[in-house]
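These are the structures in question, set out in turn.
You will see chain A twice below: alongside chain B first, and alongside chain C after that.
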Partner chain A sequence: MSSDMNELDEESFIPSSLLDSDDEADELPQDWSHIAKLSKGQVVVPKRGEKDYEPDGTNAQELLLHKAKTVMFDSLSDASRGSVVKNLIKAYYVPDLHKACVPHPKGSFMHTMGKVDRDGACWLSFFEFVYLAERGTIAPYYKRKESEDHALDPFLGIQDLYMLFKSQKESDEFAVYAHLKRLGFIVMQSLQNSAEVGSVGQFEDSAVQKLRLKFCQTFESLSKSISNPFTLPFYHPLQYHLTRYCTSAQIYESLNKLIPYAAAPKTLGELQKDLRMENVSAGIWKFSFDVWKPQSNFRKKTPGLPDFQVVVFNKNSHKENFPTYHEMRGLLKMLNCKMDFLNAPANEQAKSAETEANKGATKKKSKANKKYPPHIEQQRRIKRGYRSFVLATMDDGLVSFIRITETDFGSENVWFKPNNVPLRKEKSGPKASKHSEEAKASK
Partner chain B sequence: MVGSKVAIVLLQRDGEAGTPLVFDIASIEKLRSIGVAGILTGTLPSATQQNAFLSVPLRLMAEEALWLVEKQLGYLVHGGGVVHTAAEAVKAEDMKEARNELERSFEAQREFKRQQHLEKLRRLGVKAENSSGTETDYSRLLESSLFIETCDSSALISQRQREFDKPEIQARLAQQLRTGCKCKGDFHVYKALREQGYFLSPGSRFGGRFIAYPGDPLRYHSHMTVQPAMDYRRDPLDLLQVVSGGRLGTGVKKLWVVGGVKDDYDSTDAESGRVSFFSVEWAGFG
Partner chain C sequence: MPKHVPNAKRYKYPLPIHPLDQLPELKLYNPVSWVYWLYCYTFSTNQLPSKIHAEFTHGKHLTIARPDDMRYLWENGFFGTAQLSRSEPTWRKRTMARLGLSEGSTALEHITEKRRIERLRFKQERSQFEAIKLDMRQRGVAEDHILAEERAFLKSLREKEKVLEEEGEVHLREVDEELFGPNEQLIDIEVLELMPVEGIFLTFALPVLEMNVKTLLANLAGDEPTYADIHELCLKYVAYHHYRSHGWCARSGIKFGCDYLLYRRGPPFQHAEYGVKVLEACKPFDTTLFTGAARVLSGARKPFILCYVELQKPESEVLESWRQGRLDKVFRSYKVGEVSYRRWVPGKNRD
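Then we have the complex of A and B:
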């Protein structure tokens, strides 16, 4: 998992705030003196400080270290969490529901978080509750079972909140949640069975349909083999009598037939077909979060499809291992988010129909969709891939985001140019459709 | 002495290793002076929309927590159950006490703000008018600007968490933490390096289990990427891994280190006999 693979092309997918976090090849060196200078309103993230090779025993170095530590701990203890009486928003944790209730909600967090019930109270999920309490937006209380009024409900500290996490997994998920929230993303917990409510899965997955499909598939393959009775194994000596290879293109073409590959689904139809295929399961994995890029016209009730879906993986727990190829296939199948490749060809018509609100987005898009020569387009296509999800890897407090993309070498003709297009250096090996990993360490 | 030990909260369900966290800033400072840096993971209230500078809780590696417990420098506290029982057991007197506490903090804030206000008036050359209208206006403003702080550590269970510091409870929690780790030998590697004065932090960003710093990571670059422990007399070493690890290590100016642990080593003291280190560098001939 090398961390320096940020190439230009991917920057269109991941906002720069995620990218610039590992520009330096070094580990989280922190110069807290910068944050000490920050006043409350500022949002500029300070640059990181200089460091030495090793302790050399000099007083000068000792002094520098002492200063750095003092500044760090001063800024830690000076940053008081909470709000003034006027803006105080009380939230009550309800243990039975593992949720929190805000009886008198106000504030901009309501825009992307919480659910308002009939009585006007806002219900926060536990993650939202802890996140908001941690940044001082709400004041956390514990709702006691027997008492109706709040007179006996104790005020909680951050430690209490964390201790209410029910499992290690939940605390890992929260760390990822808070990380993404701090970056400004809109994050919601994924529904458990996202495969059923999927955009692609709007069709009923009835057993009859599955059967029919299977039947069609077998019939298809059968008819293929019948219509082509002269197919011989490639290495069969008879091949040389039946076929003549006059150009290298012909050789490439028949070589191409030898390599088995699974084509990545690229259209809605193919996606639905893939969805009905059984025998892939994601195992223990499921999506933890749906993530939307920051946007001002976000609606909680009709959020639309998320931009990313995130799986959380703890690399140091003995219970979890890096997802296998089949599990990744299963996850890709469960995917229920925006897929840019679906509307890429239809972009031209769609542009005129875009609403006012999306104008800014389309402008950016049209820039990204500049026409390139076909071989560059192909390179971009292979690199970008099709379906993808984000694997958030937790390593004892440090989160790395890895994007797992399904790409399709098999269907692309990278071997030869039928017309006399000037040859380029091709490095791609004889790979079938494989999942390319693009490691992206954040932090 | 119980008081000087650091309370490490362990978030876990049965059968899990758990997440060790430290909430108290004084404790975090103390750990840092011992050589345990950990990773701060909470939102910093003064700069809430960034990830470079974070605040409490401090997240420890399982190996760090185990080492602290073994050295009697810390003790593990476990379970949301404690919070639930403590919260349900709160009595009217406690609430009254908490309210008084809050009132005291308000009083101090009022005093401070009044003084500041007066000083400001003096500086501006405005004479303190004692007309009642402005005074009530001012105190209303003042009342609404009083600050209520959400504390880092728990007031609710500060007494109860001490009860966890008993040898049998600690042994049980530590055992659970140990069995939940992916690689059991890592603890010995951690211990051996820690006792040589290295600061360690999680190392998956550099393709290892740990990265080792010669001193406080605030000031010094790290020197080594330490691989997950192996029993070097038995476990095979993948040559491809050596090559890619060595290359990566050289690329980020770090030594690629394999910690070899003897599983059947039974002496309880000197960790140096149990663990051997091998380092790989990319020589770059040719």
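Then we have the complex of A and C:
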């Protein structure tokens, strides 16, 4: 297997999905002609063509535009919409709790939203309430007083609902929430408070540990300085008269000791250590939402770790700036979601065992998870990074998402090693590899 | 010089300091070989036979003028940018080819130029056709007919493209005559310019340039700098050294609105893989800075890395070390941390 791999070019090892899949192309604009088919009276649907550069004095462009617009408006106005009164689910907003209550809940939204209390009423968080009302799933009412009688409670319009937002932040968060919900994600508000309690607890019992750690660190640095007292500092002018380097790798190795770097935690153990280690705070930042990918077997009570965690950030607000590095680190530390890099190697082993057992059935899987040569594996590792969170940026009502991922260039060395390249390259530079082998032997 | 040197041979060494790879074979059973090996080992050195001469022109541009040195720095680690070329010093070669003094070159600049001319020609043809199209529209010709015409036009263009041949005429302009010296030799007017960080790397980290560290620093930051004067330079250098020393070939990222581009081996081998922006760890930045750079880099399909550099010691201590010329102490006081910045498209993360 490895020999025929060597014949291939380096680039061909990287699956195209890895090459920055997020940036590849934007989603297509909504094509109303699809919806238009559902509404009555539409026969010919004009296709969207290429844009022309400038107005040319004729009405060809305007005609096309007019046609497209008509399709859009027709499909909105002609389609039969609305809800059946009998099926209407009423939800009552309780101002004191900033929540809404659905006395007689039904429908599939219960799958991922709301909390059912002892009396069988479903309590929706404010975001859930507004979102469902926007979709027409529930009919929103304003609960005026503590009584069972709802006869006098006023019906709320969408605009009324928006007036109930308590702050700009909340409305920003709602925009992000609704956007992700509409795309099918399962979104829950992050329980940041409980997480904070957890970390505080950790810090309390870590006082002793901290001391021990500090001791270990000083000891380590001491032992380091003792272990090599005879080597001159690399940057000394006389250095090249005394030392000889037999490979480029040796030169690199003495160069890369200079700059300290923050190594990303890569295993569970390192993650826990990182949690205890530095005391960075995320400042004002906290995760607003836990997001799960769309899935049918989701359970509200035992949701498991979320796939992503989202921070909401308003670009136009004077109070907020793009998070600084320290704040990012604080956020990464608070992170409590699935981390792909943790189980990547373990998974691979399991998968390979599985493929041994039934080769035919899991052929596709094994292809996706196939073992790469070390330098490609490294390439993938650097590109993928480690812990990450999603930063939802609100800019004048437009939401865009940015994924901030911790990366680690310091732990990887990428200098060219002549003897582990594919065969084809070795052929073109046989001298290089031969020499380096000799050099190794001479060590 | 042979006509074609394979890249793997031409760019064999990733750094201008070469390892000792010419040592004789060491045979365990043959003690004479030990002695010979030891002899060779003691009397060979990693240092360059003669260091490269660099000087400051116009007070602040660190340049290298000798053609051999220029080539050496380019071939061993891809340092510097030639002032009249894209990056590799090719001006002389290109000019010779242009003036018909040598055979045609395949320098990158030539390929780009050819492509630009082709594109220009295409645009001219297209605008001509646009005029015809407008005319047809005004005369009320049916859209179907126009579309068919357009198709025919595009087809004819493609055929023209195939025929398109390079014309090999030599145009000698009047100014070109000034390029020749007294004995009809083409004067090489191109110099290689080093970034300040490259200058530091090639004097402080690797003894390659003839210039001593003190003069270099004095030229870059002044004789009596304050911390504010050296701050930016230190950040940039720390990041540069970090990537260089882990094997990346870091070059200026100004084309893509960032500080460095990281190549795995070097520009002739692959496209740059990452774009790096060097930032201060504790300072807040405007969002536009990030979105702008990310936009440009993602257009070139390069991941965007934010490299945060943090000072871990008091500024006065760093400044003191700088004044003493202890650059290793200066750069050791910083710490590097990285995150990658990437647009997240919800629709592509649903699976």
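Note that the second predicted complex is superposed on the first by the 288 of 443 C-alpha atoms of A that agree within 3 Å, B and C clash if a C-alpha of one lies under 4 Å from a C-alpha of the other, contacts with A are read in each partner's own complex, and residues count from 1 in each chain.
Just so it is clear, a contact is a pair of C-beta atoms (placed from the backbone, for glycine too) under 8 Å apart; a residue touches a chain by one contact, two chains touch by 3 or more.
All figures in this text were calculated on a predicted structure; none of them were measured in a lab.
Novice: With the two complexes superposed on chain A, say which partner A:Lys293 touches: chain B (first), chain C (second), both, or neither.
Specialist: A:Lys293 contacts chain C only, not chain B.
Novice: A:Met72 in the overlay: touching chain B, chain C, both, or neither? Say first, second, both or neither.
Specialist: first
Novice: Who does A:Lys315 touch here: chain B (first), chain C (second), both, or neither?
Specialist: Both chain B and chain C are touched by A:Lys315.
Novice: Does chain B (first) or chain C (second) touch A:Val85, or do both, or does neither?
Specialist: So A:Val85 only meets chain B here.
Novice: Please indicate which partner A:Leu156 is in contact with in the superposed arrangement: first for chain B, second for chain C, both, or neither.
Specialist: A:Leu156: touches chain B, not chain C.
Novice: For A:Tyr372, select first, second, both or neither according to whether it touches chain B, chain C, the two together, or no partner.
Specialist: neither
Novice: Quick one: classify A:Ser400 as touching chain B (first), chain C (second), both or neither.
Specialist: A:Ser400 contacts both chain B and chain C.
Novice: Of all the chain A residues, which ones make contact with chain B and with chain C?
Specialist: 21-22, 26-27, 53, 179, 183-184, 315, 393, 395, 400, 441-442
Novice: Would you pull the chain A residues touching chain C in the complex into a rising list?
Specialist: 11, 19-24, 26-27, 53, 56-58, 60, 179-180, 183-185, 233-235, 237, 240-241, 243-248, 250-252, 255-256, 258-262, 293-294, 307-308, 315, 321-326, 328-329, 383, 385, 390, 393, 395, 400-410, 412-416, 425, 428-429, 431-432, 435-436, 438-439, 441-442
Novice: Once bound in the complex, which stretches of chain C touch chain A?
Specialist: It is residues 6-9, 12-15, 17-23, 25-26, 37, 41, 44-47, 130, 134, 137-138, 143, 204-207, 238, 241-248, 264-265, 270, 279, 281-287, 289-290, 294, 298, 301-303, 305-306, 308, 310, 312, 327-328, 331-332, 334-351 of chain C that touch chain A.
Novice: Within the complex, which stretch of chain B touches chain A?
Specialist: Going by the criterion above, the answer is residues 9, 11-13, 16-19, 21, 23, 25, 28-29, 32, 38-53, 55-57, 59-62, 79-80, 82-84, 86-88, 90-92, 94-95, 98, 143-157, 179-182, 201-207, 211, 214-223, 248, 251-253.
Novice: Which of the residues in chain A end up touching chain B in this complex?
Specialist: Chain A residues touching chain B: 1-3, 21-22, 25-30, 32, 35, 38, 40, 42-43, 45-46, 48, 51-55, 61, 64-65, 68-69, 72-73, 75-86, 88, 95, 131, 133-136, 139-140, 142, 144-145, 151-152, 154-160, 162-172, 175, 178-179, 182-184, 315-319, 393, 395-398, 400, 441-443.
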